[in-house]
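Written below as structure tokens is the structure these notes are about.
Think of it as A, B and C in the order they're written, each chain with its own count starting at 1.
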């Protein structure tokens, strides 16, 4: 059994941003030497998430607008009594999911034709991390 | 360590449909020879999902109506400028989740009394796939 | 490869309650002897969930109020024709997620500074279970 752990760092220019990370995860999988297994890709901060969906700019904008409808910013959240102003970011990341598990088959990410992995930042402009843990059988 | 990978194919008659797949997944687990481990069950298309919930027709209809409220079809989504008409399917599958990890204990799926695994199709009537990756200790 | 399976039992005084379980999961991980791997933490009932987010009372109340907006109780759900009254609990747990996979690095849960694991009960006041399956390389 082989295990490799690595971390991706982000510091997004905008407060909210979807960042495609498929290639970075694939690189870590290649380095791991795992031939059959899984890769856990998980946000380590609670105002960001990781999800799999389409790499299409219009849909990415749709996600942003939709999340603002379901979990609006600027409301009088109880969390804000602590001095925070990011309660909506906690809710938005809950909708998108905070982690994914990607299958590895034949040494590569076993993704469908349109599956792309994204980091979803909802309270950015500071350094944040995603853990990638690859685990499985080596060659 | 044992690993088995298999795929389930779907081509639902209706555009939206919830398909129970607990038995198919259990069959793959049995074939894997894994005694203690996990099974990843993950949609390979970005307009469908996999979730665990109740096998009760009324609740399944409730899910459908509820998803239509949270992520309505027929809106003027930006994604539709590409010629697509399925942005709502991307959003609906995000709510339901695109994958589950099922524990395997004593060679069997370790599910609670009411837990059933479903494939959630939101843009069907064509061939689509789910990957099942079973991983763990053999007997 | 090492695997340890354990179960956490709950019987919450209130119908809806968020219960922090980070320490219980960490104890199971310590007992497992797994040095590099993952821990699956998954609700075995379909009206409760498991999620990772902030241990801040205000935000936990925000989550409760928000879920009531997105998936209200007391509606005339079809599921209630079976005699049940908890359709909203099935929907609320779907938003929060029913399971998480936690990375284990150097023998410990590899969590970010604010990540806490919660059991989310939406139909409590009776005995319910969470499965914890730890899997990976021993020391």
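Keep in mind that, in the parts below, contacts are C-beta pairs under 8 Å (C-beta built on N, C-alpha and C of every residue); 3 or more make two chains touch, one makes a residue touch a chain.
Quantities reported herein were computed from a predicted structural model and do not represent experimental measurements.
Undergrad: If each step moves to a chain the current one touches, what is the fewest number of steps from chain B to chain C?
TA: Steps on the shortest route: 1.
Undergrad: Same or different interface residues for chain A and chain C, judged by whether over half of the residue numbers are used by both?
TA: different
Undergrad: If you average the CA atoms of chain A and of chain C, how far apart do the two points sit, in angstrom?
TA: About 20 Å separates the centre of chain A from that of chain C.
Undergrad: Got the chain A residues that touch at least 2 other chains?
TA: Only 1, 70, 95, 97, 101 qualify.
Undergrad: For a test of understanding, state which residues of chain C touch chain A in their complex under the given definition.
TA: 1, 36-38, 51-54, 56-59, 61-63, 66, 70, 95-97, 100-101, 103, 105, 110-112, 114-115, 136-137
Undergrad: Provide the residue numbers of chain A that touch chain C in the complex, in ascending order.
TA: Per the touch definition, chain A meets chain C at residues 1, 3, 5, 40, 42-46, 70-71, 77-82, 87, 90-91, 94-95, 97-99, 101, 129, 131, 133, 135.
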